[in-house]
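Take a look at the structure set out below.
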Amino acid sequence: MEGIILAIVLVLIVVGTTIITFVGPWGLPELASNWGSIDSMIIVTTIVTMIAFIAVNAVMAYFIYRYRHRDGRRAVYLVNDHRLEKILIIVTSIGIVFLLAPGLFVYSSFIQPPADALKLEVVSQQWAWAYRYPGADGKLGRSNIRFIDAKNSLGVDLKDPAGQDDVAISAGGTLHLPVNKPVELELRAKDVLHSFYVPQFRVKMDTVPGGITRLWFTPNKAGTFEVLCAELCGIGHYKMKSSVIVESEEEFQKWLKQQPTVSQTLGTK
Amino acid sequence: MEQPQQERSGSLRRLVADWASDRETFRVRWSKAMMWIFLLGDSFVFGSFLSAYAATRIAATAPWPNTGEVFALHVGGAEIPLLLVAIMTLILLSSGATMTLAVIYGLRHDQKRAAMWTGLTALLGAIFVSLQAVEWTNLIREGARPWTNPWGAPQFGANFFMLTGFHGMHVTIGVLLLSIIALRTSRGVYEQKRDYLSVELVGLYWGFVDLVWVFLFPFFYLF
Amino acid sequence: MQEHAAGLPETHGHEETHQHEPTGFWTKYIFSQDHKVIAMQYTITALLVGVVGMVFSWLMRLQLAFPGQLSLIQPDNYLQFMTQHGMIMVIYLLTAFLLGGFGNYLIPLMIGARDMAFPFLNMMSYWTYFVSVILLFAAFIVPGGPSGGGWTIYPPQSILPGASPGSEWGIRLLLMSLAVFVASGTMGGLNYVTTVLQLRAKGMTLMYLPLSVWGIFVASVLALLAFPALFVGGVMLLLDSLAGTSFFIPLVNQFGRQLGHEGGNPILFQHLFWYFGHPEVYIVILPAMGVVSDIIANFSRKPIFGYKAMVISILAIGGLSFLVWAHHMFVSGMNPYFAFWFAIATLAVAIPSAVKTYNWMLTLWGGNLWFTTPMLYAIGFVSTFVAGGLTGLYLGNTAVDVPLTDTYFVVAHFHLVMGVSAILGIFAGIYYWFPKAIGRMYNETLGKLHFWVTFVGTYAIFFPMYWLGAAGMPRRYYTNEAVTQLPPSSHELNIFITIAALTVGAAQLVFAFNLVWSIFKGKKAEGNPWKATSLEWQTPQTPPVHGNWGPTEPVVYRWAYDYSVPGASQDFTPQNVAGGPAQKAKASGKTKH
Amino acid sequence: MNKQEHKHISIGTCLKVWGFIVALVALSYVVFLLQIEPLWLRRVIFIAIALLQAVLSVTYFMQLRAERPGLVYAIVPPVSLLLALVIFGLSEGDYVWGVRQTHQWLTTGKPVIEEPDKNGGTTNPIEKGMQLAQSNGCLSCHSVTGEKIVGPSWKGLYGSPQELEGGTTVTADEAYLKESIVNPGAKIVKSFPNVMPPYKTLNEEQLDAIIAYIKSLSSGGSK
């Protein structure tokens, strides 16, 4: 009796989870960047793993039903079947290579930002995000933790001419990005580990104190998205949020021009 | 399983025979097998320490101090780099040889000589630890602390105290064990049992302590 | 003995376990050196600690379902519950239970030894573990409370004052407790490894060992080689916290103040942690796999399918576990080119894992399945292991891992594959060996009730977390209301998960009652109620007494899986029975029937 | 018994190995003293000597050659793999070092600009307080809008009654605020975690400025 119930329960679990996975309201949020390739990888992986999940449970349910205990029957003395084992190993290996190989190609593009990307800096601290744009010369000035003080909250090196026209958005500000233009983020952390994560862009990367990490994507939908911190950074972790506004190139430039440059805020020349 | 025959054939056959046997795989005394496995695990402690040392040293933001100058010894007005450490190394590695002699005499049931050489090993170990204490004192007097030092990267002091401290702890434990076993050997405890296993075991441990220093010496001091 | 190589010292032998049975209460139950008593001590301690861990998970679930309505749970408490839940479950419950409990009880009985190789060391191992548990809970009474730095205790966050709760004395006590636990695990591991290698009964070759012993043995080796990295990382973190060194902390500016550290590298700690942490996952799952293999074979009344492949898989998983650690760190900021190797190695682990799954299923094929509570749990294990393990294909594949890591997807993955599966394996084992260990039968009806609620309930708890994770709900958030882009229905899903979690929790009361009631009132058990072949069922007394085997030690003639041998009079042939139809085929090394 | 003993090393071998190891220590010290260039060659020599010493020490002093291959092959390969671990540590550290070099985010050395006026040059205490609150990270936890982040919001805080842990109530006056900045653990407002670090580095003038800013956020304050 338990055998039949267990078989039914296994089938119900498989059917239920599969249906909800594909038609339920919870799933990937709408894509807003160039990383459609990651989405396709997720979908392919989902199909492959779902087939395996259904197959294993269904076959098991069938065996449970078919071979449940009956008096007088004796089990088969089957020790091994090398041919079957080989076939299963080969099929599994093919499936894994099929998933892994394209994944590695996507990953290699993930770690190689395009040369024409707009470079900007993201600075994380407990528990807020700050940003810095390179300004007219297109170059971010050097910065250093040692230079951080009351006004220079990003620690911009004021001796570096490249930093004079940078635009600093201090902690709590909003990130603006032009649509359809690749962006390369240089991620920094002032105090502990954080992680820059926008679910709609499909990418995330930790920010590490004492080092630099990088992340690139091309936002391709205008709109406002939420920046989350995905690496535990202390009590305010869940509050560490910011917004990213993706807008047209003109609107972006207009907004950028309105922001004071480093030399304006710090009064240096 | 005709062991004697396999014994004579190649080492691969013997390897297979060992792992295919019933009852025992290694065919050594239990405690000796355990000591080997323990040392295998312990080597991973020092391996992790050395790996972490390599990573912190090479990524340090300040220049790494010149060990030759830091560990120099004043002899008659001249500064001879690393002299103290070189002497320590010589002493510790020599104690490996004296310990081996103790084990050999133990296996021959030569109670007096086994006790003598074990005692000598303990003495050499004690000298090593004392010299290390001298080295620590010198460095601390010159301003080295785990968190800072006058010569460069703070990771230098941190790694120095941690690595030599851990190794020194192993040596100290070894000296204690050696002294106890030397005493028991000279009292004839093992002779009565006709079994010098304890001498062999501490010999293995002492060999491992040597082995760690074989790598600490070049990686930390000479590099 | 006569088969031994010449050259063994004469004094060699099993004299070390020929002790007289202890008589006093203290030597018999508290400072006992008998592996069975020590196993019980480990079991009881680990289960009690596990209850605390479970209560923490309820508190977290209550907060997630009803954010802001329980003023008792503040963000700092939440992080503390989360951290302690993780630590307790992974280390102080699962590792201690599977190695200290099952390992201690099963190894000597299954290999035909009288006790562990070093009974005194074994006792010390338990009491050291006990001290580590005391230190763990001592963190609750120090200023600042226990650490809230996540079970991964990543620096700098875990040790910078003001970053997370308990970042001073809480984390220091936790690190000390871990160091003590490493000492305990090392003592235990040395014992288990030496015992399996050196104390087997006459005729018991390695390839005759039941898979339970294989799983525990390989897990013990992993523990011996992986714990050192945790120990080293812990010592360095402790020095950073106490002595102000800068192994892991670079120059940082926290809350506008520059701290005194300089030049450290936070990612180094992650390497050390995961160099331990990934093998740790297998330390937990390999013994459970072994236990489940034995139970499935027994209740299918069939030999385990592909025994050799199972052993090779266990060894392969164990070996690969040391080569894949950085797949936890694809977005950590380590050298991004390392990820190629770690992705390939990680997905390679899927092959031996799949082999094991296939072999469990093929063991069911053509069997005569007997659905006792342990069998139900074993099949439940296979199901949850697959449900959790398959998503490893997402998280091991770097590009797919990037959006999913640090979300609830990961939470669902590792809970199903190593949390729930290991726990189901533990339950299977407890029910299976209960008659042998206690001498009485448990109540089958209550056992099955416990199974149905636990099995269906854990699916209800953890499978929806995949959906939440894909929708972008990050881990370790005090409240998911903070994520505004989540669909509103995900909040209802959270309430559903919480209800399921509380129900599963309540079902454990049934288990506790069943256990306690059966110890005193259960039906008397016979020596071999499951008609099993392996040695532990062949002891002269049930429960086995000190020394296990009476005057003569068992001699082994066959592997542990001679069920339904054609031509044999019964459908099982114990390992210590000589002769019979299948023995020749086995002895000549053929594995085909 | 005989066979096992037969394989143990003789006293003569032990002394020979001892001499060889002493010579190797001396050699590596001489190579260090001579500072043989290039550096990599010197390091290769050190590593080669260390490996040779290790092999000698394990083979003869720990007498691994007397053990059966089953044991030898269980111990030697994993320990050898530790070298790979050290190399991994080096390469990971080297990557971090490279990142730090190209970005100079954390390079050492004194700031190249003069220490700026910590008060940002302004004399208005409220504005000064606002800057201090920003630069010291106060606003990460204390909102100025009334929203509850981690600590109590500053909006309307000044002069309001605060219920403490344990049931007592205190008015948020200047003395209370000052104490709470310097020693936050003294009086914890109910249902807030005790996590704020003590800000003991702020001087009186800076404290007054911050409190002036907090005052300005209350309706009763002067804005």
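The chains carry the letters A, B, C and D, assigned in the order they are written, with residues numbered from 1 in each.
Everything that follows uses one rule, which is that a residue touches a chain if its C-beta (ideal position, glycine included) is under 8 Å from a C-beta of that chain, and two chains touch if they have at least 3 such contacts.
Note that the coordinates shown come from a computational prediction; the quantities given were computed from them, not determined experimentally.
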item	value
C-D against A-C, pair bridged by the larger set of C-beta contacts	A-C
Gap in Å, rounded to a whole number, between the CA centres of chain B and chain A	47
Gap in Å, rounded to a whole number, between the CA centres of chain C and chain A	30
Geometric centre distance via CA averages, chain D-chain A, whole Å	27
Numbers and ranges of chain C residues touching at least 2 other chains	5-9, 75-76, 162, 164-165, 225, 250-251, 254-256, 262-265, 267-268, 271
Sequence positions of chain B contacting 2 or more other chains	7, 19, 25-27, 33, 40, 44, 47-48, 52, 55-56, 59-62
Junction residues of chain D, two or more chains touched	3, 68, 78, 88-89, 92-93, 96, 100, 106-108, 134-135, 137, 140, 150, 193, 195
Contacting chain pairs - touch in the sense defined above	A-C, A-D, B-C, B-D, C-D
Chain B residues touching chain C - in the complex, by the definition given at the top	1, 3-4, 7, 19-27, 29-31, 33-34, 37-38, 40-42, 44-45, 47-49, 52, 55-56, 59-62, 146-147, 153-155, 157-158, 162, 193-195, 197
Chain C - residues contacting chain D, complex	5-10, 71, 74-77, 143-144, 161-162, 164-165, 225, 250-251, 254-257, 262-263, 265, 267-268, 271, 334-335, 338
Residues of chain C that touch chain A when the two form their complex	75-76, 79, 148-150, 154, 156-157, 160, 162-165, 249-256, 258, 263-267, 300-303, 305-309, 331-333, 336-337, 339-340, 343-344, 347-348, 350-351, 354-355, 357-358, 361-362, 364-371, 376, 379, 382-383, 386-387, 390-391, 393-394, 397-400, 402-407, 448, 452, 455-456, 459, 463-464, 466-468, 470-472, 474-479, 482-485, 487, 489-490, 493, 561, 563-566, 571, 582, 591-593
Partner chain B, residues of chain D touching it in the complex	3, 5, 8-11, 14-15, 17-18, 21-22, 25-26, 28-29, 31-33, 43, 46-47, 49-50, 53-54, 57-58, 60-63, 67-71, 73-75, 78-79, 82, 85-90, 92-94, 96-97, 100, 106-108
Chain D - residues contacting chain C, complex	1-4, 68, 78, 88-89, 91-93, 95-96, 106, 108, 134-138, 140, 150, 185, 191-197, 199, 201
